[in-house]
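One chain, subunit A, links the two complexes that follow: it is found with subunit B in the first and with subunit C in the second.
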Partner chain A sequence: MKIVSVGFVDEEQDPDVRFVRGAGRYVDDIKLEGMQHLYVVRSPYARARVLSVSGGITGNELKATMESVGEDAGGRSTVSFPVLSASYVSYVGQPVAAVLGGDKYEAADKADEVDVQYEPLKPVMDPERSLESEPIHPGTESNLVAAAELGRDFDLKAPVEVEETLRMERIAPNPMETKGMVASYDGSVLTVYASTQSPFSWREGLAGSLGLKEESVRVVQMDTGGGFGSKGGIYPEYVVAAYAAMKTKRPVKWTESRYENLLATNMGRGVRGRMKVYADRKGKLKGLKADLLVDVGAYPLGGGAWTAKWIASQLVGPYAVPKAYAAAKAVLTNKVNMGPYRGAGRPEAAFFMERMMDRIADETGIDAAEVRLRNATTRETTSPLGMEAPPSKRFFTEALRAFRYSSRKKKDKVGLSFFMLIPAAYGGESAKLAVEGGRVKVWMGGSSHGQRHDVFAKKLVSEELGVPQDVIDFQHTDTGAISGGVGSWGSRTAILGGGALVEASRNLKAAAKKNLGKKYSPALLLEGDYEAEAFFKPKDMLNTLGANLATARLTKEGNAVVEEVLSFYDAGKVLNRFMLESQVTGGVAQGIGEVMYEHAVYSEDGQLLTASIADAGVIHATEMPKSVVMTAAHRSTLPHGAKGVGESPTIGVPPAATRALEVLLGRRFTTLPIEPEKLWAHDLPGRERTR
Partner chain B sequence: MIPPRFEYAAPKSIGEAVGLLKSRGGEAKVLAGGQSMIPLLKLRLAAPALLVDINRIEGLDYIRESMGFLRVGALTRVATLGRSALLERRYGALHDASLTIADPLVRNLGTVGGNISHGDPSNDLPAVLLAAEGELAATGPSGERTFRAEGFFVGTFTTALAQDEILTEVRIPVPPHRSGGVYLKVEQKVADFATAGVAVQVSLGRGSECAKVGIGLTGVGPTALKAKKAEEAMLGKKATDRKAVEEAGELAADASSPASDIRGTEDYKRGLIRLLVARGLERATQRARRGA
Partner chain C sequence: MSQTHHVVVEVNGVKREADVEPRLLLVHFLRENLGLTGTHIGCDTTNCGACTVLLDGKAVKSCTVLTVQADGRKVTTIEGLGGDGKLDRVQEGFVAKHGLQCGFCTPGMVISAYALLQEKPHPTEEEIKTAISGNICRCTGYESIIESVKYAAKAGRRRKSPGRPSGRRS
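On to the complex of A and B.
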């Protein structure tokens, strides 16, 4: 067990700490001959008719619409999302035109050359009132994007019945590096240097929007300073920049400011869950009903069409319940699109369910851990909502032991959460190895945007091939170098990319053996020229389990804060402990942010009120609780034994921390983030006295 | 930062700087530490045609006591206040406040003059000046003027300074024996602006009753506020008098007019004022007893 402090780099494990030394190479570091800068002119209104637009590149010229690709893809919607709107706008920050300049300053000044006449309309801001409001998209019948029913409705009388309306409000992903790209066109191939989680999705999306063949688009990933889901699909700005490069036959760079990033990047969460649970007096679940509402924002592109159903399918979590029924709807509002944010639907499901488990504990007077254990499972199950889950009882018993739960509960204000992590294993992942000049180049179909995938990649390849790690060169994904791939999100890369690396290594070794026969050795391998690819698709379910414990205390002014977070995750075989702990530590910070600080707040007329990184609520090291990271090493069935872990902390921390604060203050919390005054222990007018 | 185009001048004297400001009318702005000005420029909320950088002007960076006043030069960095032993000993409220402002990076650049001239109701130093009965000196085209802190903060982002006047010095009367000051601030996250802040300055009489009381409030009105009724109510009372202290808190809360925003609701901010004023009176008195 080791405590990781935020921001430390272990020089011994990683002598090449180039990011900390300022030697990373990001999109904004690229300078190409003749390069121009693109500035995007955006709607100042949440909803308006565009009466006229002139100057720069406008939607009258570029009539393209957006494609739903990558992590955002799936589901269907009749609403199309224009790259540049020439008829009406649906959120503050929506692109309406673009201008080019010799540098960023000139480009921004040229925005004055664009003239847009708007007729403002009353925006639809409250998802609860979206369905009764006028459709925000002309020509559509309602603001309903998707509706799903899972399981079968039922009638039940149970000794314990608890209802609650729970909310996880919208938050901005806020990666350290904002979005950006450079596009360059040589007359036949469009090359795009990208800050991305998925070059292959970009290729598909850009080719689709611009009507190009995929072969004539190459997307090269640069060092990418965080994404958290926001860089897994594509945005209108990318299409405009690519179009501008093709039109002018000169390279074009587009990078955004923090302000633009906050205004016009897909946001996460924004989900309401009306939950009802039925249980007996011993705390055993008898039934679960849920009514979910997802605020997808203006265009259902960032996963808006499938998120409602996806959350609903996970609600039962790691427990057994005989009856369950969930109805889920996704609706439009005049906000920037909803999109995946670290966890993407998993945290919402876990928060809703875990809050209800705590409610059952309160109603029955049974300890919160005990209630959970009583509903945990001893064999693999498929929930009435259709989700497969591994047996959970043994793991949770282990977790409680690791937390020293009984003794912690006696001395601290403690919150607990149990959850299941469903990695985005669908679609598999690719890897490629190339031996040349005594070195091994390594690619995966989806690559690091801050996770340091190079560390496990080198380890796995070195172990498989028997070559030392220092002859291995890790490459970011390049659609020109590897024949196919998916992307990095959904706790998938270590398991799928890792599996593909193992397979590609074995393919490479086989190719070398064919050539070298019995005299094969790692040294001889390095003397030759070999290439191998693999596309890895796991056969077994990879859903895994996790648990968190949090404690809370009061500051001297009476504000409640989270003091400590313990994480106990089944990450399978740990590929690199330091990297795993770093991943989890960052996720704990985001989990705490979500509980207490992070929030995207809009005014009634649709202006974003949290348009700086400070106001958006990103925490500092000073707000970080003590974090202890532990793992249960139950190997997966994959060749390298790994399981997913990237999203575990944003799933498990919010319910555990919320509960710890609830226990400390004796107040019930149903909405995240918890408002500052609700975390203040002192009395306020209109608030019932607390203990 | 992608600001609009502007001209830039870095004069070496106040006279020159004032001349530049006057010659360009409302088009010119002073640049001191830049910690409020640059955020405005980068968001293009401000677009001055000329920035007059006053950082090259010598003799505006000092902390000293003379002729009955603590005198702090307008270009003194907030970080310097935090390192001053004199302030720690005798000007507790100013010392405390300087340590709660933003983060070390901002404090290393941000100046005392800029913190006050900006007229931001969320900045921490104005409340300290109001509590301590401070004064301000400024130089304009027709020479020097002095202002009392009370009345200086006219509205949100507006002070009594004319466009072509430069704040040069901040003054606080040297407190009598048995005086103490404190600044208390609740911020949502470290380095954030105050959800609410309170500056308290007391001088004790013979029986440890309050002979003089100053209370300033941060972040709960269109400007920093002076809680006069609360000050008066404490006169002749002791900080150990729970009822008196709570009443002062109540009066200060009544005097505030906070807006509900992302940092909290109006009720919460008033609640904080109530708590912080009461606690501030107690702590300032403790310091006064120790002679701080």
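On to the complex of A and C.
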């Protein structure tokens, strides 16, 4: 198959050079002949009956529901999520109608033509009261989405028993580019240009919702301005825009404002953990009990069906504990859906466990690092909650040495975290190579939305084929170019996409050798026309370990801030140190944001109070601590030796930074974000202001 | 359409004329009317800085300027930095130090950094942080951006140039 390039992005140019010149090509930069702009009319109520809706495209015309796909996929829910609701609405910002205009201004003006009559109802906002409240979806029996019990319940008396209720509040992913797409229909194929982490999820979801065959949908990834989990699956707006393009036979662009992004994009976290740990006087864990509650928002399609169990399964982390039992529930509220946000369940598990390790240290008077080491493992284990973990003791000893922990602890207010990263290895990943005109084109089934996957892709392909990197062109994912794929999330692309690239390169080389025989050389390879694909599925466990150390200090104004974050992660064989450091430091910023500021706050009547990017709490340059990135290079069993790393900082930084602030202020913190008003030192009499 | 106003705006050294609605934001004029899509829109509350351009040499957020307010004035966008196919030293710095990931905040960051170096060719780290604190980056954690600006400042010192671009910027 010859691939017809859609030609928006100059793939031969270094992405950094394109971006600094303003020559990136994002969805909103596309202009097609006759293109119209779609504006979505949204519910102003968190819960209401829709008495009538008229004008524009409504749910009376487009009777479609959302199909759960992508990173969200987790079994069909009994509650259907309408693309445009014509009967009732379940969160502020839920789409109810859409209008088209020649430009953004005209489209927004046209919204006046839509008339919606609502009968507001009292929304369910507090997840703790969700189960005793009226079901938010008519015809259902309760607001319970999922309940899981892991491990076996037990009775135990131990010298040290500590209980704590911990929370990680909801936060907005806030990629700098909001969501958007352009759809174009030629009468047989719907082509969609997407800001996405997974064109294949879009293809499946759009085809499913619109009743199309997957072959008649082509999804092309554009330069994508960040995702952090929020652009993995699909949203109602995508289906409406695709439908509008098919209906009008004209291209349709939909891009959202930041306000819309905050109202109507899946949010992360929103989990409460009631933890109890049992230990002996030497700090050795004897048992762990957990009761988790996950707020999945209005429709359980953002991962609601599996998140509770997924978090519970990870609670033991990298430690050994003889007994563990976790009960986990996911419940509905009248908020936008919960969805994956960098880490997606892993940070919650690590925060809950690491806070308890610090509590054990406080209760026993044993150093926090020592408590952790005493519970680390010397061989591969499967926890009572069912999670496999690599041996952790050696790695943590290395980490403490790398941190120079003993001397840092004497000098600074430090917090420490140990954790395990479970990459989203399920489903594998694909890669394709095509040699044509002396150049090698490379695709993966899921690709970069900021990670510069092209750098490791070129390196791996060049090493395998023996061709120079400058003849290799890395392409964004295009479902018209590669036969299958998964997506880029869950610390997976460097390990799975990388593995697929190595396999595809070997397949390509084999095809060329078959043709060229003993004459084979990289130069002759480039003279030919060859294609090869590979779908790579790892056989071994790829769970890896990480550790963070954070220090905190008081500013001269008396505010507690995180001063420095040290990261020590087992990333396997490092494919590119520069890019790894960039990823980790970016994740550190997100971890600090989560600890200090980021929180999606709703009013009792369901309005989002943090409805601007400033209110959402994303950190600025002036709030960033120093970041030091180190790695332990214990090769994985994959052909290229890599391990996942992308989510490590959002897992490890929150517990370490929280502890550092706790040590500094002498106040216990159980909920993230801590929020600046709790980080003032003013009410600590006798404490000396630094500087 | 409501009443339009005739505007003449010098953009990257070229006089551009148009009849625009009074409500048209400068960022939309640049992106939609002139096709200068390097200037991005990341928020709607003047917080993120992705739309930063120079207006008469001063960094402004073009989502909070009406096109009619730019009438008779000079605008420099990311496309106007550098010249003759060459990158400006600030752009070079962002490439050398990989002061970006997804690239979306990059044009605004580069413009803010450029404006800083015009005013203070040798900024301290704190001055750099303050200068870019009106620009949000969700990817990098800012360290590589700060390094990029330092690199550009050093490059300016090496060249002993006041740092004005060689291109068409007036």
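One rule holds for everything that comes next: the second predicted complex is superposed on the first by the 665 of 691 C-alpha atoms of A that agree within 3 Å, B and C clash if a C-alpha of one lies under 4 Å from a C-alpha of the other, contacts with A are read in each partner's own complex, and residues count from 1 in each chain.
Rule of thumb we're sticking to: a residue touches a chain if its C-beta (ideal position, glycine included) is under 8 Å from a C-beta of that chain, and two chains touch if they have at least 3 such contacts.
Being a predicted model, the structure only gives us computed values, none of them experimental.
Of the two partner chains, subunit B and subunit C are each touched by A:Y259.
A count of residues in subunit A touched by subunit B and by subunit C gives the higher number to C. Of the two partner chains placed by the overlay, subunit B and subunit C both lie in contact with A:H620.
Shared-chain residue A:Y597: touches subunit B; no touch with subunit C. By the touch criterion stated above, A:G480 is placed in contact with neither subunit B nor subunit C.
Using the contact criterion defined above for the overlaid structures, shared-chain residue A:H449 touches subunit C, although it does not reach subunit B. In the superposed pair of complexes, A:K104 makes contact with subunit B and with subunit C alike. Overlap of the subunit B and subunit C contact sets on subunit A: residues 104-105, 257, 259, 614, 620, 622. On the side of subunit A, the complex with subunit C involves touching residues 14-26, 28-29, 31, 103-105, 174-178, 223-226, 228, 257-259, 449-452, 578-579, 582-583, 585-590, 612-614, 618, 620-622, 624, 626-627.
Within the complex, the subunit C residues that touch subunit A are 21, 23-24, 28, 31-32, 35-45, 47-48, 50, 77-79, 82, 87, 91, 94-95, 98, 100-107, 110, 128-130, 132-133, 135-146. For subunit A in complex with subunit B, the residues that touch the partner chain are 104-105, 108-109, 257, 259, 557-559, 597, 599, 601, 609-610, 614-615, 617, 619-620, 622-623, 675-677, 680, 682-686. Residue ranges on subunit B touching subunit A, taken from their complex, read 2-5, 42-43, 184, 186, 188-192, 195, 261-265, 267-268, 271-272, 275-276.
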